[in-house]
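Next up: some structures, all given as structure tokens.
Below are two complexes that have chain A in common, paired first with chain B and then with chain C.
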Partner chain A sequence: MLSLKVGRFLYLAVNWAVLAFLLLPILIIFVFALNPTPYIEFPPVGVTLKWFDKFFASPQFMSALLLSLEVAALTTIAATVLGASAALGIARGNVPGSRLITAIMLSPLMLPAILTGLALFQTYVLMDVGRPLWGLVVGHCLVTVPYVVRTTLAVLHNFDLRLEEAARNLGASPQRTFFEVTLPLIKPGVIAGGIFAFIVSFDQFPVSLFLVSPGQETLPITLFNYLKYDLDGTIGAASVVSILLAALVVIGLDRTVGLRSYVKL
Partner chain B sequence: MSARIEIVGVSKSYDGAARAVDDIHMTIEPGEFFSLLGPSGCGKTTTLRMIAGFEMPSEGIIRVGGQDITRVPAHKRDMGMVFQNYALFPHRTVRENVAFGLRMRKMPRAAIAKKVDEALAMVALTGFEDRMPGQLSGGQQQRVALARAIVIEPRVLLCDEPLGALDKKLRQSMQFELKQLQKTLGVTLVFVTHDQEEALAMSDRIAVLSRGKVEQVGTPTEIYDRPATRFVADFIGETNLFRGELVGTDGAPALRVDGHLTLALPAADGLSGAISVGLRPEKVRLTPGGAGAQAQGTVESANFQGGHVLYRIALAGNRHVLAQSPNDGSGAPLAAGTPVSLGWTPADLVILKD
Partner chain C sequence: MSRASARLGAPRLGANVMGLALLPSALFFALFFFLPIGLMAVMSFLTGNPVVMPNVVATTRHYERILDDPYYFEVMWTTVRIGLYTTVAALLLGYPLAHLMARVKSRSLHALLLMAVLMPMLTGIVVRTFAWMAILSDKGVANQILQALGFAPMQLMYNEFGIVLGLVHIYLPFMILTLTGVIGRIDERLEQAAQNLGASPLKAFCEVTLPLSVPGILAGSLLVFALAISAYVTPILMGGFQIMTLPILIYQQISANFNIGFAAALGMVLLVLSMVLVLAYNHILAAVSGQRDLA
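Right after this comes the complex of A and B.
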């Protein structure tokens, strides 16, 4: 009985410790963003919104934030369409060597993203295309498509093919069957992958590092450059804004298109 | 509304492997309740899937209502199908599930609503329109699947072991309902099952399949009383199988099974060489003691089954025969060790092809 209580206590203690380990850095960022002193101080000496004022008043940060959102949105759309199509092809296409193709599709996850960025940078130089926006989006897609492939393959794995046969039998053409039955049922996996894609793109540093053009930088790059010369609460404010934006997008996607569903992920 | 289905020389093989379906010929009449019966792997489901258009025959032709549909895609075949485990769309309500086929046929909204109501009333599910399939019991899901299939008024209704997942009581009542519904609608129904009792109880005619080939096509009584092959005799119900050499004359043929047992056969033409015969347990009459019957033996065990008793009788030469006697209420079954004589008429013996 006693050992049971001790076990339970240890179990809870470990859980809380992990939770604290994950959340404390975020809490410190919030403290940093709201504290009037221009350096990290604990305990905080007061509450101010001046760093937020400074962040939103900075044209540099604002254009970086907008660019990050734009790139993340384009990446999410492209990676979701590409990744879901690839997963469908792998799962349904009867292609020989589909395991190998899956491994290749997922390989950007294993590769250090900085190498992906460097390789793309050299490719663009060789192609002599400069550093266009689409170049950045392509780079982000490369590291986000694997997430969509993975989550979509997971739902396709448990998909009952008889549901599609039932739709065909009732008179639905293959296209109609896809939009009426297949897509709605794999949607949770596709959306989950899309959310990963958004977050990975929005926070992307190593790939962007090589692909942004000077004066046209994404938020993580701008923050890094700022950090090199200044350290004040603006960084904290910028971090808080980007955390809240990411959370907002995730919740928004969940509410509108729905993550939880009749299909188990 | 209902249509004749003709299956002409249809075969199906996958990647050059052994044929899952091997040169099948059958004609299913309009309005008929036709069962494809056999053990798993006999090709019955593959045959059904070829009729539905989910598989293409490697060889042969399938005609429905006189029209060759072998290469017509599944969604243009105008057939209803009830799947094993029902295959209801989990993301749609009962109403949307049933309406699906009508919506694909571009029927106006009001007409769809009316038809869906009628179909749900027919399967006694009025009031369940807005439930999701996950909220229904197995029997209710079964009814939705049925309503979804019949609401499009198909020429042909295909059922792939539709009652397999239900418990025994429910299965029996669904058997009656399905049969009744099929009669009311007059639709041609092709029913796949591995359950011989189900096939015997429901079908107008049955095709027994084994290893991709048709063993026999006939009415339930034909299949049971006059099985054509050893496989059919063995697969449908209990049967005593004997194999031996043909002896005796043309007018009075007999089968010498072994040194102890020779069976008088019904007169038949073209018999020669080694022959198998089947004898149903209920055709064997048991008389305690006695002599002068077809064979003598002793009761080895008696299996009381309520309405009847199934005896295992030991014959000379280490041979056993099953005999079934109705429970006439005269008391306890014959005890083990009781000597009995076994009687039957030669016409009860069915000559079987291998």
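Right after this comes the complex of A and C.
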């Protein structure tokens, strides 16, 4: 009986330790961002917002943040259109080999992202196009379209085909059925995929590594270059901003379109 | 007549129009994914860039260089070793939490645990690596605590230990989610039956649940290993530019040497290795979901 209790205690203790291992490092970032000394002091000696001032006053960080937001926005739009249309084609198109097509659409998630970046970089070199912004967006689309395909397919597989049939039987044209029945029904899946696309693009490192042009880098690349030489609170503030932005997108869309009932993560 | 045929034809026409919706993405993937990967394969067998150089010929010298020079073997072995350590550590840490998540009765507790696992996944890898640098650096949190307790400071990063710890943190959620899926499919009553027949909870777990979860262990391990060997940020920052892995070597060939052909050959090695691992992962998970009713 005693060993039972000890076993139960150990089981819970190990799980608490693993949870702490997962979450404490993220907490440390917040401590570091608010800590007044340039090197992390533990326990913290006070609270300051000066690192946030420094971050928002830095032209280098600001242009990186703006570029990241721009790339993430463009990627979200392009990936949502490409991914949602692909999912519709797979689920409703009656095309042969839909399993294979699905696997192909998801394949960029299966390969090391750094190779996606390398292969695109080599292609751009052979095409002699330099490192344009659209090239970076294309790279980000490759690793975000799969998320949109996956979430849209999930909704399409779960929805009642009789709703479409009912609309058709009541005399609606295929176009009207599509715009007034199908599209509103798959909207939650498309939006959930779009949110994934935004976050994956905003935090993207390995694909960007080869594709950003020097002097015009995204936030993760700028953070990485900064980390190579410096470890002060500015980097903590930049990290907090990027965590909060990602969280804000998720919460904001949850509030506006009510993801919770649709998205099973 | 024409009306009837129009009505009969309409659904099929609709389906064909929907099939056309595949075109943009199919074109996009062909042009920007499969063509570039194919070009990478071709470049790995060429002596240079055929667009700007007139006398480019086919060669296997890039692959010969990888095989002949022991330095590259050393780099591969370091990469694989770091991948193995990361996988074993992620398995040992991830299994208990995956088991708890698969067995917890309360829905809200399950949602909380899921959020705790997903939260790190939504944080960028550069940001998470920075967190570990703040903890493990010479003047970091860990060393300040050690010193406050009267111990000598330790070198916790700029070595493989630091790299592995950072990688485990980044890829642990993938292990947990894979394992939770498989453990959740094992009928809990099997374990209860073993206990009713007199086995201790530990024995019941070791002889019932653990063997049934082996596919999850394999799949999760393959996934984490494949992710760990293709990591760039964490090995370079936590290793303090001291430790060379395959992805670091690939980037160096582009950024410092601009040797596109050799980078392509190294890329092909990583590509083939990852594809084997990922195919095995998919195969195992497909087998598990196929025999769902048996377990």
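To be clear about the criterion, the second predicted complex is superposed on the first by the 235 of 265 C-alpha atoms of A that agree within 3 Å, B and C clash if a C-alpha of one lies under 4 Å from a C-alpha of the other, contacts with A are read in each partner's own complex, and residues count from 1 in each chain.
We take it that contacts are C-beta pairs under 8 Å (C-beta built on N, C-alpha and C of every residue); 3 or more make two chains touch, one makes a residue touch a chain.
Treat the numbers as computed from the prediction; the structure is a model and nothing was measured.
Visitor: A:L111 contacts which: chain B (first), chain C (second), both, neither?
Guide: In the superposition, A:L111 touches chain C alone.
Visitor: Counting only touches as set out at the top, which of chain B and chain C does A:P38 meet: first, second, both, neither?
Guide: Neither chain B nor chain C is touched by A:P38.
Visitor: Which holds for A:P132: it touches chain B only (first), chain C only (second), both, or neither?
Guide: neither
Visitor: Can A:R162 be said to touch chain B (first), chain C (second), both, or neither?
Guide: first
Visitor: Under the stated touch criterion, which partner chain does A:G252 make contact with: chain B (first), chain C (second), both, or neither?
Guide: neither
Visitor: Would you mind checking which one, chain B or chain C, touches more residues on chain A?
Guide: C
Visitor: Kindly list the residues of chain A that each of chain B and chain C touches, one partner per complex.
Guide: Dual-contact residues (chain A): 168, 174.
Visitor: Under the stated contact criterion, what part of chain C meets chain A in this complex?
Guide: That would be residues 10-26, 28-29, 32-33, 35-37, 39-40, 43, 49-52, 93-94, 96-97, 100, 113-114, 116-120, 122-135, 137, 139-141, 144-145, 169, 172-173, 200-202, 226, 230, 232-233, 237, 241, 247, 250-251, 254, 260, 263-264, 267, 270-271, 274-275, 278 of chain C.
Visitor: Within the complex, which stretch of chain B touches chain A?
Guide: Within the complex, chain B touches chain A at residues 52-54, 73-81, 83-85, 87-91, 100-101, 104-105, 132, 134, 148, 152.
Visitor: Considering only the defined contacts, which chain A positions touch chain B in the complex?
Guide: Touch residues, chain A against chain B: 160, 162-163, 165-174, 176-177, 180-181, 184-185, 261-263.
Visitor: Considering only the defined contacts, which chain A positions touch chain C in the complex?
Guide: That would be residues 3-4, 7, 11, 14-15, 18-19, 21-23, 25-26, 28-29, 32, 39-42, 81-83, 85-86, 88-90, 92-95, 101, 104-105, 107-108, 110-116, 118-123, 125-126, 128, 138, 141-142, 145, 149, 168, 174, 199, 202-203, 205-206, 209-210, 220, 223-224, 227-228, 231, 235-236, 239, 242-243, 246-247, 250, 265 of chain A.
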